[in-house]
Every structure is written in structure tokens, then in C-alpha cells.
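Below you'll find the structures, each written out as C-alpha cells.
Across the two complexes that follow, chain A remains constant while its partner is chain B and subsequently chain C.
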Partner chain A sequence: MAEGPDGGVWAWVMVGALFVSSGFVFGLMRSLGVFFVEFVQYFEESAQAISWITSIAVAAQQFFSPMGAALCNAYDARIVVMTGGCLAGLGFILASQATCLAHLYLTMGVITGLGWGLVFTPMVVSVMGYFTRRSALALGLGFSSIGLSSFIFNPLFQLLVEKYAWRGALLIMGGLSLNIVPCGALIRRQKQSKAPAKVGKLSVFVERPFLTFCAAITLFNAGYFVPYVHLVALSRHVGFSEYQAAFIMSVTGATDILGRVVSGWSAARGCMRMVHILILWTSLTGVFIILLPLSSMSGSYPVLLTVSLLYGFCGGALTSVVFPVVPQIVGVERMMGASGLVQLIESIGGLLGAPLSGFLKDVTGNYLASFVVAGSFLLLGCLILTTLPRFFQCRDPPPSSETFLG
Partner chain B sequence: MECTWTGNQNKLPNITGYWKKDGNEIDSRLTVPLENEQYNLKGVFDIVGEESLGNYSCVFGSEAKIEFVLAAPQMGEVRDKPIVSYAGDSVVIACKMEEPKPKPSTWHWYKANGTDKALIDAAAEPHRYQIHSEGGKSTLTVRNLTQADAGFYYCGAVYLISTSLGRLEVRVITFLEPLKPFIAIVVEVLVLVAVILLYERKSKKKSITGSQKTKKEKRENSGGEESSSVRQRKV
Partner chain C sequence: MKLLWGFSALLLCCYRASASTAGFIKSPLSQMKLINDSAELHCEVIGNPIPEVQWWFVEGEEPNETFTQLFDGARDDRVRINATYIAHATSTIHLTSLTLDDSGTYECRASNDPDRNELKKTPKIKWIRSQANVIVIEMPNIIVEPAEVINQTSATLSCNLTDSTLPIKGSYWTHNGKVIENSKNTMDSPHTVLHLDKITSQSGGKYECVFQTDPEVKQTIEVKTTPHVAAYKHSEHGNEKDKAMLVCVSHGYPLPVDWHWFKLETDGRQKPIINGTSDKYEIKSTPNKTSLIIHDLNINEDMGEYVCSGTSEIGIATDTIQLRVRSRLAALWPFLGIVAEVIVLVTIIFIYEKRRKPDEVNDDDDSGSAPLKSNSASNHKDKNVRQRNSN
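Let's turn to the complex of A and B:
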């Protein structure tokens, strides 16, 4: 069976487009915190009410992913991504005119989130169409902007808010988000034959390997974000200063970028099966998450810093290999629809994970239980992945024909 | 206020101690005995008003001096960068007295008028100003902003002995200001999209003319093959 395409000039142009668009989706998502203080003061609302804005945007991105995927199968990925870019920008532009919190929920939350949902999965799948063995490397490079953009967007948005207040800053952010549109314009129709598109793709639902994969990824999501939410608080809880805690987060972000690229590059070498690599990085991430509160209890800053660096690296590493596993489970033709569905289902994990860890902290008084449970979710997800059919085989199934289904 | 000094090498049995305020001696000098290896000087002062605030020092002979600063609680961190808002919009500015410090009895807000400060009366102009004070925090909301509202504002935490002030700056801008960079970015996006789509049309045209040439060649070749097969059949 001949291998599919694995590179080419336009493939790497697409990786560049993925780099830019991922930065504008997830990098922006992670920098919305800059507006938090401004909104609390201007709208005189509680912190919880304001944090719903980001929650709605994240949930919308994941919820509308299957729809974005289905539209790509039915129509043209290019149109879908360009529309998504316009919507993402429109959401922020409209938000700049908001007069009440509900406006922000609708514009910054729903409209922008919908736009992001139409952008992310189609971009990922379009890029993967250009690669076979090196898809993990392509994605690793494409996603490396997610960590980088927090470094750039956070201070940039601070500056914009200081110069133009939150209204002007949101307007300009809307303009910047429109840069996703040229990324979408770069998508070209590929000559791969597509199976007759079924809008909805619900047929994957009844297949056990896909359900197994979804269950595992949902568990990953439940645990993965906990350190991003609680690590600063954990550091401060054991007595480190604000700057020390912020530094830990910055370096974790830096090793995240490194982990994505290194993992993508090493996965592309083809020495290990993609699903084995995923389990390797995820189980290590789980272990380091559990070690985080334990290392903080030692009271030693270098120890906590080291464990955080290792968590960042492994956490980033696993993201490069998640999507490349999908076509091995459902086949290349159904990759688009399945990726969309995975996004939707894993959002449940994300929605439940952070509040659960917060709850455990409130009940027990410290973060030990939250982090141990979060790490355990990742380890449990790895165990579930071992039940995939033909898991213990040493070689990946050849692309696009055989899948885990047989 | 109480000062304790452990003395130096020559532990004299008695030493003169006195209090100073802002560099001037107050009260009479006392003879302080050496007790348990230390000298103890206590002073009791009535705080009657703002005049009671200042730098106090207790002096032991000509050897040791300990300084106290008696002042009203300092205002908590206020934004040193100007707070920006839009004409026609409203702005909320806030002052805070940090937790362990005592809470003021009330808050006042002032608008700077040259070198003067004019007290803001929220009750007199409720559609323009709103002051919300709660213990250690106070916010001033200014509505329907105009350029005249730009400038410095002072928040005052009122205590019995004095008022602590904090200064904030408000800047009023119009929507044209962020609109300029926004339009620049939109133009950039449109140009990029146009360039990308034009480039693709150009390269498609190239490949179409190229494939037309190869199609022509194929037809010529297959024409040759057909005629040979026809010949074979005929034979």
C-alpha cells in the first residue's frame, strides 16, 4: 500500500497557516484574563460572572467543532475557515460596543467561540491531509504558537487596554483575529478522494474503538488543565511570592512549546507507534501532575520549578500526537468528522475538571487532592487506551486502508 | 510610645532621656535608670488633630536616637497610569485602603482645578457622579464623559486626625483613536487575502495551459497508438 503525501512546499505553507491561526484561537483564549479586572470594575459584576465569558467561548469552540467539520465535508474547508475567522473577529468587534455583561456573553462568548469552532478542526485536518508519517511534526510545529502567543498577547493586550481602554482593545483584537481569514484562504482543494460525505458522521458513535478513544481523551481533558488553573494558587499557597509563581507559569509555557515540537519531530521518525507515544507522554504528564503538590510540600522552589518544567514539556508533547491517532482509529475519510466530534466530547472533561479540582480544594483545604485526582484521570485514560484493538502490535496500521476496526 | 535601649560599653547607672517632635524638644528631660540591662523611656501623647502628626524621636543622652513617624494610614496602591475612557461613556475609578490599616470614617472625592481641589457632590448631580464607599474601598463613577472631565481626581480617606489622599488621572478619548489601527489591520487582511487568491488564480492558469499542452501531446500519442491497433485489427 503506497504511503500518502508527506510534505511538499504547500504542506509547509499550510503548517505556517496553522501556526498563525492556532495562535489567534488558543493564544487569544489564554490572554482574555487581561480584561478580567477591567470588566469586574466597569460592569460591577462578580469574578465568577466575568469568568463565564471565557468558559462560554471555550465551550462554544468545542461544541461547534463537529458542525465545522461537517460543513467542511459538505462544502469547502476554505470557505468554512474564512467564515470562522470573520465570525471570531466580529465577536470581538461587537463586544467593544457592549453595554451589559449579557452582550459580552453573546459576542465574546458565543459568536467568537463559534468562529473558533469553524476554524480549528478544519485547519488541523486540512494540514494533516498533506502528511502521513510526519503529521505529528507538522501539528507540533503548528501548535507551537499556542505557547508563544501567551508571551506576546498578554503584554500586548495590557498595552492596548492602557492606551485605548477595554473597548478600543477589543476592537483592535477583533481586527487582529481577522488574520485567520488569510490563513483559511491558503487552503486548497486536495486531490485525495473523499468517501461520500455524511453530514453528521454519527456512524462513528457506535464503534467501540472511537468511543474508547473519546472516553480516554475526555479523561485527559479533565486532568490536563488543572495545573494551568491552579498552579499559581498552589505556589502562593505554600508561600512563594507572586513573581515566583508567575515565573513558574512562564517557564511551564516555554517548555510546553518545546515539548510540542520535540514530540512532533520524534514521532515523525516512526520508531514507535503513535498511540504508544501518546500513552508515554500522557502517563508522564499524569505522574508529574501528581508530583506537583508533593514537590511544593518540600518547600524547595527549585524542586517545584523542575517538576513544573517537566509537566509543561510532557503536557505539550502529548498535544502533538492526539490528532494523528484519530485517522488510525476511524480511517482517513472520516478523520474530519471524527476530529470534530472528539472536540465536542472532550469538552465535557474540560467543563467538569476545573470545577471538580476547585471543589476538592475547598473541601480538603489544600491542593493535594485536586492534583492527585487530575493526574489520576490522565493515568486512567492511558489504561483505557490500552483496551484499543490490536494495541499491543508493534507497528502502526498502514494509513487510510486498515484502521483499528479491522 | 516606648523606647528600649540596651546601652553601650560603659553601662552608666543613669542616663538623660527626652522626646523630640519634628526636631524640637518637647516635655522635660528625664533621668532614666538602668534596669535589667536596659534603659526604658515611655512617653504618652494626646492625639488632638493634624498637628499631632509628625516625626517623633526619643533620645538617650547623646548616644542613641530612635525615630517614630506618626501619620494617617497611607492610601493603598492606586493606578499610576491614566485611566482611559470614551466620550459619552462612563468611567469607574477606585481607591482602596489595604486590609490591616484602619478603615476611614468616610470617603471624599475631589476634582483637580488647576492647583485647587473641588469637592465632588454626588447628591447634587446624580446623573453625572456616583460615589459608592464601603469600609476600606470607594469608587467614583463619572457618566456621560466629556473632554472637560479629563484630568486629575483625588480620593480622600477621612480619619479623625487627617485625610489621606490618592491621585488618579482620567483621560477621555474618542472612538477615532482605536479606529485608526483597526482600519490599518483590516486593510492588511484584505490585501493578504487578495494576494493569496490572485496568486492561486495565476498558478492555476499556468497549470491549465500546461495541462492543455500535455493533453494535446497525449492525444497525439494515443492517436498514433489507435491507428497502430486499427492497423493490427485490420490485419
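Let's turn to the complex of A and C:
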């Protein structure tokens, strides 16, 4: 069926590289909280001012993704990723010498975020270049490090801060981030056409399928993170202890890893269309998000734990299949640019989602509305995806260089 | 003549139709207060035109009553009168720092008669009056046992309300202003008891027994404990040339008034005071928290144990903090190790590639070399195949 590359030794080496680099990008991103307390005490600033550091880094990663993608199209993915790795490391190294909060915004925020933006999308697309049917599996395996690394990095960084103080710890983190550079070095010259060195990636914007996809993904992002932000608070709101709430989060993280791998593996079997799989996992995630506050109201800890596990699994599962759908919509040549743009646009959803749910909680006094709205965003996104052309066909469109564009 | 009478009567009716005599809508209420307390009497009157309100103090018994008018600022500024004349008249008289001599009858007088202040006419006819009694009593004696609790592990506090004929509706206890839940009772007993089984620094403070009489009477018992001093973090780290902050907090009642910091030498103690070496040490203290900031850390001199000590009237409590000073370059070695590892990995990858496929990519230094055109030739086939299988 698939005549393109779908594996091979180097393909799996690339998956390993994706594993390592995703761990160093998102795992680090999620472990910055360790420095929070140190910065508040050292710089004597408010919690909100310190939180901006992470917000800027996350926003920069998503914002610079299209740029990273465009640079890959124009130059060489390998150079872009290696540069990104150097920048990410440089950001932390410079941050270790910071004397005021603004320095941190610039170094840990902008420079590192820029580096991450130059790393993530190019790595993902490079890996996908080695797979056709099994791209979801490859990504699932590659992304499984994200959950794992926050397990490892959180206590590790705590230890580093104890031993070396935050300056020393940041310096070492900069060194660790440089490990992304060898990952980038592993990228081989891909046999992609150089034709799209025309900056025609913006042409995707006038195509309805891409816009539809972006709208759906933005809605997904608006709802997806809400439990990560508010689940602990919800658990404590109904009376569970800090440890019980933290345990729920750990367990959700573990099933997230499992979901990514299982979904990637099952998608590779080819029994269902990628888009259908995406809708399946996303709608399940939406349903479980809505069930979360309802199960917490039952007062039973096992019930809440079970629903959280299911949410974690489905949430992880959907991440493995999001990127593989992109080339089906815009074609392989524009996959790189489109992926970058998707990152940028979905960041809007991410930015708005958590504050919106926080606002709903403030207004209504409990988390029911926040979670229901978040789950509804996911379900709404699924509905939007059904409007993609040729959605209801049972098989993927016949192999041709055109795709959904008809 | 009849016409004149009729006309006068008509005129009088018209006049009276638009005017109305003054009438009370709110009268002042009688009350009983303790010495040094304050009292408030309130009076509201309607009428057209708006009536004037005055306050008078009545002493003595009929028929030998003496009337004294009260003004704002009377009685050494202990009297305050607040009046408004919008739509209807309201007036409130505040009496502060009550003494026994303030007891008596207070009269709110109102009139809207235009002749009310005419000296030639009898006042009583034109003013309406409403009275209230204010009784000021001495604080009844509450016998407390014990008067003070100092440094005990447990205690029983008791209050006995003697010397009072006031009816008791119940009683309760408060701790530092907050009502203690289980201490409420609705019995009319003048005797109430509170047990403190285990006195810790948390349970120290001011305890008040409150009797629900009218007015409420209460008495305070202070429970004093030795202060409890604890360090925020028992082990602190600092970087060379940087600054370190050592913090101690304290709980209990009363809180320490004096904080001292010591550095533990191998022999005895040494005191850093603010005035001593002012550039190096900075001490900021409040009753419940003290912090010692050490600037420009030196590995040899500043590393070691520091003792914070808080002194209150009851006793002294201390805690120890261990300060470790890291050389600024300490993290440099692991860092260089990791960078070396990265360089080795990248070199290996490039060398491997060069050996395996010498006809494809040439060596890549750090900042990109342009892609070789020779690649496209060998990969055209792959490229086409890839494009067709776009799922």
C-alpha cells in the first residue's frame, strides 16, 4: 500500500532523537517551576512577575515555530535544529548570570523560547519524513519523553538548586539543553523538493481545509490544558488532601505517556483514517473533561482517579495523531510550513483557555462551568473537523500529490 | 361680622392645610452602659416646616427638676450632636467616656412653631418632648483565677461575676478576639470555666470571658508562654560573592521583643550586630520574624552555623541555621563536562556520516554550509515516490 519510506534504521534513530529533544524542550518547560520559589525570594518580586518567565518561553516557542519551519524550507533542517539547540542552551547559560528580572525575561524567556521554536517543529516534521503509515507511532514514541522527563527533571533540578544554587543549576541546565544539538546533527538531508523555497507557505491560509483544521486545533488547545492547570485545585476544592491531588496529577501524567504510545501504535495499523482517529480521541478527551467535575462531585476518590486516568490516556493519545493529519490536508511539501503555522495559531487557544476557565470559576464559584466549557471546546473542534472535505470517506484519499484540496 | 369670622376661619384652614405640627417618628431609647463606654440617642421628627431638634438633660425629681441644654462639644467635648434637616429632622447625640454623673434622663425636644424661641412665651406649650433614661453603672467585679498564666503546660481559667444584679443570658470565651466554639453556654450562671489541656506557643495569648448581660461585661486573662523560635530553613546555601538571607520566625505570646544573631565559632559565640560591620551584615527584625542578610559571601569566613535568638519577658528561645557557601565556579565543572560530552557526540555523528556516505553530505561545521546539488540526483526517485504517498 504505502510505497514511501515507513521505517528503516535511521528512521528509528530519528525517533530516538525526537525523544531526546522533546524531553529537553517540553520536559524543561514543565520543570521551570522549581526555580519559581528561588526567584521570588532572590529578586523579591511577586509571583505573577516571576510566572511571566515561563509564559514568555512557552509563547516564544509557539510564536517562532513558523519561522523555524520557514528556515527549514529555505535552508537545512539540521542547521536550524542545531542552532535552536545552541540558542536554548545559551538562554539558560546567560540566565545564570542575571542580575534582574528583566534579564530572565530576555534570556530564559525569549532566547530559550526562540531556540525551542527552532527545534520542535523541524524535528517533528523531519521524523515524519521517514514514515508514512506509521508516523503516528513514531511521534507517539517520540513524545513519550515529555511526560517522563518532567518526572525526572523536577526532582533533578531541585537537587541541582540545592547543591549549586539557582545560578549553578541554570548553568548546568544550559549544558543539558545543548544535548539537543547532537539530536539535530542526526538529521539527514531529506529528499524533499526545494521548490517551496517560495515562501508559499502562506498560501495555505486561503485554503478552507487548512483554516478548518487550524480552527479545530485552536479549540482543542483551549480546552486541553484546563485539567493540567485546574485539576489539582478541583480535587482540593472538593476536599481531597494535597497528596491525593498531587497523586492524581502524577497518575494522569503516566497514562498520558501510555496514551501517546498506544495511540501511535494503533494508528499505524492503518485500520482507520488518521482524521477519524483524531476525532475519536479528542471527543473522548472532551467527554472525560466534562466528567471530571461531575465525578469529583460524587465525593469518591477512586471515581475521580479513574476519570483522570482516562482523561490522561485520551489526552496523550490525541497528541500523537495531530501532526500526521497536517500533510493530509496541505500536502507533503507544505507540511513543514503548515506545522509551524499550526503551532502559532493553536497558541492562541492555549493562551486563552486557562484564563477563561479561571474566570468562569471566579464567576460561578466552582469548577463545573470551567471544565464543561473546556470539554465542549474539544467537542466543538471535532464537529468542525467533520466539515473537512471528503471527511466521510472510509479510506484515505488515493495516493496523489493532491490531498484534501480535491 | 360673620363674614369676617368665616373669612378668618377659611384663612386659618388654608394656613393650617399647608402646615402640620411636629411629631416624633423615632424616639430615643433608654439604655444601660458601663463607665467609660459610649452611648447614642437617636431622634427623628417630621413636620412642616421642618422642626428644630434640641437635646436637654434632666436632673432631679418632679417638681424640682433642672433642665440643662446640651450642645455639640459640651461636657469637655464628650458630647457630640449630629443633626440633619432634609425632608424631616433627625438628630443623634453621642456621649463618650461615660461617667456616673452622666446618668439621668435625656430629653429630645422638637418644635416647628415660629414663635418657639420667643422668650415672652411659655416654652412648654410649643415644644414636643420625648425622654430616655441613660444609666451608667460601674463595671461589676469579675474575679479571675488565675490572674495570669505564665509558662505552664496546662491551666484552668475561671471567671466569677460578682457584685451585679444584671440578668445573665449566657457566657462564652474568646481567644485573641476569636470566639472559642465549644465555650458557649446559655446558662445564667455567673461562674464560667475554660480548660486548657496542653498549652503550646499557639495557644498562648489573650483569653476573654464574656458574660452576655446588658451591657456585656468581660475580663481578660493573659496566657504567656516562652517564645517558640524556628528557622525557615535549617540549611541554607549561598554562592561566593553573592548574598545569603537567614530567616527565623517566632510564634507565641508574648512575641520576642529582642532578636539577636550569633555566629557559632569553634570556641564560643560571636555577635554580628547591625552597627558593627554594617556593610557585611544587615539585620531586619519584626516581633514575629527576623532576617540576617550576609553580603559578599566568603567561603572560609562565612560558612558555618548561625544562631538566632529571640527574647521576650518570659524567656529566650533559639534555633540554628547551617550556611554553606558554594564556590562560584562549583557548577562550572559539571557544565564543562556536559559541553564536552555534547561536542564529542556531534563529532562522532559527523565522522560517522562522512565515513558511511562520503558521496552525500560533506562536513558540516557549526553554521550551515549550503546543500550540495549532487544529492538531488541520487534521490529523485525517492522524492517522487514520497510525494505520491502523501498519507
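Quick note on the criterion: the second predicted complex is superposed on the first by the 395 of 406 C-alpha atoms of A that agree within 3 Å, B and C clash if a C-alpha of one lies under 4 Å from a C-alpha of the other, contacts with A are read in each partner's own complex, and residues count from 1 in each chain.
The rule is simple: a residue touches a chain if its C-beta (ideal position, glycine included) is under 8 Å from a C-beta of that chain, and two chains touch if they have at least 3 such contacts.
Here the structure is a predicted model, which is why all the values come from computation and not from measurement.
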Clash or fit: what happens to chain B and chain C when chain A is overlaid?
-> clash
Who wins on chain A residues touched, chain B or chain C?
-> C
Identify the partner contact of A:274: answer first if only chain B is touched, second if only chain C is, both if each is, neither if none is.
-> second
Touched partner set for A:41, first chain B, second chain C, both or neither = both
Please work out whether A:76 is in contact with chain B alone, chain C alone, both, or neither, and reply first, second, both or neither.
-> second
Have a look at where A:328 lands relative to chain B and chain C in the superposition and call it first, second, both or neither.
-> second
With the two complexes superposed on chain A, say which partner A:128 touches: chain B (first), chain C (second), both, or neither.
-> neither
Now for A:185: first (chain B), second (chain C), both, or neither, which partner does it touch?
-> both
Would you check which partner chain A:374 touches, where first means chain B only, second means chain C only, and both and neither mean what they say?
-> neither
Who does A:168 touch here: chain B (first), chain C (second), both, or neither?
-> both
Can you list the residues of chain A that touch chain B in one structure and chain C in the other?
-> 41, 82, 162-165, 167-169, 171-172, 174-176, 178-179, 181-182, 185-186, 188
Within their complex, chain B touches chain A through residues 81, 83-86, 89, 92, 94, 139, 173, 175, 177-179, 181-182, 185-186, 188-189, 192-193, 196-197, 200
Chain C touches which residues of chain A in the complex?
-> 2-5, 41, 75-76, 78-79, 82-83, 96, 129, 132-133, 162-165, 167-169, 171-172, 174-176, 178-179, 181-182, 185-186, 188-189, 191-194, 274, 327-328, 331-333, 396-397, 399-401, 403
Using the touch definition up top, name the residues of chain A that touch chain B in the complex.
-> 41-42, 44, 82, 162-165, 167-169, 171-172, 174-176, 178-179, 181-182, 185-186, 188
Give every residue of chain C touching chain A within the complex, in rising order.
-> 237-239, 242, 245, 326, 328, 330-332, 334-339, 341-342, 345-346, 349-350, 353, 360-361, 364, 366-368, 371, 375-376, 379-380, 382-383, 385-391
